[in-house]
Amino acid sequence: MTIRVTVWNEYRHEHQNEKVRAIYPEGIHTTISSFLRAAGIEARTATLDEPEHGLTDTVLANTDVLIWWGHMAHDDVRDEIVDKVQERVLDGMGLIVLHSGHHSKIFRRLMGTSGNLKWREANERERVWVIEPGHPIAEGLGEHFVIPHEEMYGERFDIPTPDALVLVSWFEGGDVFRSGCCFQRGRGRVFYFRPGHETCPTYHQPEVQRVITNAVRWAAPHTIASAPVVNVTEPLEKIGG
Amino acid sequence: MTIRVTVWNEYRHEHQNEKVRAIYPEGIHTTISSFLRAAGIEARTATLDEPEHGLTDTVLANTDVLIWWGHMAHDDVRDEIVDKVQERVLDGMGLIVLHSGHHSKIFRRLMGTSGNLKWREANERERVWVIEPGHPIAEGLGEHFVIPHEEMYGERFDIPTPDALVLVSWFEGGDVFRSGCCFQRGRGRVFYFRPGHETCPTYHQPEVQRVITNAVRWAAPHTIASAPVVNVTEPLEKIGG
Amino acid sequence: MTIRVTVWNEYRHEHQNEKVRAIYPEGIHTTISSFLRAAGIEARTATLDEPEHGLTDTVLANTDVLIWWGHMAHDDVRDEIVDKVQERVLDGMGLIVLHSGHHSKIFRRLMGTSGNLKWREANERERVWVIEPGHPIAEGLGEHFVIPHEEMYGERFDIPTPDALVLVSWFEGGDVFRSGCCFQRGRGRVFYFRPGHETCPTYHQPEVQRVITNAVRWAAPHTIASAPVVNVTEPLEKIGG
Amino acid sequence: MTIRVTVWNEYRHEHQNEKVRAIYPEGIHTTISSFLRAAGIEARTATLDEPEHGLTDTVLANTDVLIWWGHMAHDDVRDEIVDKVQERVLDGMGLIVLHSGHHSKIFRRLMGTSGNLKWREANERERVWVIEPGHPIAEGLGEHFVIPHEEMYGERFDIPTPDALVLVSWFEGGDVFRSGCCFQRGRGRVFYFRPGHETCPTYHQPEVQRVITNAVRWAAPHTIASAPVVNVTEPLEKIGG
């Protein structure tokens, strides 16, 4: 069955920063949706400045996995849209949060924590190590891969213990980071993936594309259903017998 | 070192329902704070209708573990107070959420899920089984204990997978429930404990008091500190060498 | 891709007990392999009294998921065969351990714990509740299903905390049990599934067959590879620079 | 209450290698037991070549937490002693496995996995990062600490997902490693702590001593009891009513 992905991008850096535009001329979302389509996945895009941030009820109802890239405008995302996305995740939609999305409203909402971390912009080398080689998200990766230049994210990363920790990064400047983290929330699967600073060509790199493609397949739901609140009036077994 | 507990109670049922008042004449919070004090724990109380719901900055700054009982008035708890409680938990304060608190703002906030479940008011027998006898919260309990009459809560309980599942309940009417669940959020420890319907004398029962007392000791923080967001300007190791 | 399952059965009760033989005339393994085949899965069988317990190197090398039913003859399973099965699981083969297999050498080996539990043979009613409705092993099940007559298994069940707890059983006689537990060991996925006492027709029940079929699909490996021990003589980065 | 620790050391390198003897003239076990005693903990020692490896029934019965250092002679540890240690851990004794103990019989037994990893002897710099600052084992540590010269251990480390991951190491040569891992097995708490190559003065370093001292306090049991296998002849509730 085809997986239907919506790639959401804040899409502000690309308009304001020539360097970012040079790397992602049509936006980060277009780069991501293109490599997903090349992998046989149905991918559309949505951006912050569209009506309802491009995430109408119809779009969400037809999305199996939502990918989220945001950074400078987290506060511009309206709470009622975040409410709807959260509800859809709890009902079963997959969610992949990229890079600076660690501070997005939706990620903090689903984690219950601050998402705080350390960071450094020094265009340093990142080595992404595979901790769980048997996990579907690690399929086709070697023992580790190198991103030549990236922003550093360092621990302590304020998240709940992931259900599975798939990737850990080593940074040239001396730091480590839990870069690939799986969480179950309701019926939905959530994956946080660290790389992707806007001034680095990270999403053009094959290993990074492989991780995101694998994560889409892992996060795709079997079924979508709401968690009920049910007043059970008739007991299954006799009470007071 | 003395543990400082604040027992928070919505304190509405006791005013409106004679049956509840008969069981808890001075409120659920007073019953709980009394048995904690008898166990050598420093316990104060706070209720919804006090200014700032009794949870001023000073109170929170002097609370090691907060106990939460709420039910009919979850929506009356102001968001800015919930913000402060969440922040304090992430900094290290312990939190024990009781019974109908599964739908409180603070619990849903920290879990990221709906907290939905099944329920039935039939005054049925509950058997609370110890799943992790080596866990500090299970200390001094036998293999299981019986609560003669309780409201039923049944699965699916919409929470993230607990870090430790200490107690599971069997209900006379045919249901099961994860009744004692541990979660780490930031530096804070969170314990959800199922029993405690307002029309049952549950908090007068020694085994229930033992669980709550154990949970207070387990959840008490070693240190309190905020998760920092740090821009690391100087790397630890030379970059680009 | 077709999943290749080997259904292993001790196959002693069927020879010694007429009641068991009446329910499983060709053995529990034949019943299980039949419903798997009907679901489009390639299934063969192996039993204790075959040479090498039917688990030759060739059989194991061609098995994606191994199902294990044993009870009275755990000690007759040779350690060198257990070694090979363990190694194959760590390399990626799925393993589904049924019922009394909680005390099998292979399960204890992979868990590191005793696998001890309570039990009672009283042909009582079991209600198997779905705790994680979004998990692939729960697909197609309702909120719970009833097994009319089963042996009881009760907590404390001495296992490590499962990575996911999918099913919890309620028993008529007052007990609860973690009946569907997922574990990752090496690259392999392990599922423990409680039901299946030899004198009950449990494996003829559609819901039970559904759980086992789902578990086979969940446990099937993507890739098979050994965990290496590598002396890295050349560092990736310059040391002592 | 005083915690009673037994520090077990293989104690072979110290006899065969002058460099090791220079660092630990009376053996690694003596260094460790000394700093534990200085912290108010009751510590004795035991070594491989003593009768029963120094781990008689009496010693084990009087040990709350066992610390294990072994490397070149894992195979010389007799299986019946490993059986007893495993049983005592499952009953509640804490176990701290150091460094090359990742391949010890007892660690592999309790994990169910191979314990395989990468390694490199290049006397490189290790930075040990605190991932869970709120965990008792991290108490009193800063954000990270440096071990100037150590053997490298690198991922993939073949262990089950830890219940808590407290420490992750960065290595100068480009690798990362899960260096502080907590596991519950039966009633016992197990902590694996990576540092401590015999030719490095690691156990003389205050931060390393702090981790081990904290781990002893964390792993000390509340109660010791065996997991029972119980045939429950009388049900708690009426069956077939």
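Chains: A, B, C and D, in written order; residue numbering restarts at 1 for each.
Here is the rule we use: a residue touches a chain if its C-beta (ideal position, glycine included) is under 8 Å from a C-beta of that chain, and two chains touch if they have at least 3 such contacts.
Computed from a predicted structure; not experimentally measured.
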| item | value |
| --- | --- |
| Set of chains whose contacts include both chain B and chain A | C, D |
| Chain pair showing more contacts of the two, A-C and A-D | A-D |
| Geometric centre distance via CA averages, chain C-chain A, whole Å | 33 |
| Chain centre separation (chain A, chain D; CA means) in Å | 36 |
| Where chain D touches two or more other chains, by residue | 127, 132-133, 154, 156, 161, 163-164, 172, 174-175, 184, 186, 236-237 |
| Chain B-facing residues of chain C, complex | 127, 129-133, 143, 154-157, 161, 164-165, 168-171, 174-176, 178, 238, 241 |
| Sites on chain D touched by chain B in the complex | 92, 127, 132-134, 136, 139, 163-164, 172, 184, 186-189, 221-223, 225, 236-237 |
| Residue ranges of chain B touching chain A (in the complex, touch as defined) | 86, 90, 109-114, 116-120, 122-125, 152, 154, 156, 158, 160-161, 163, 172-175, 183-186, 227-233, 235-237, 239-240 |
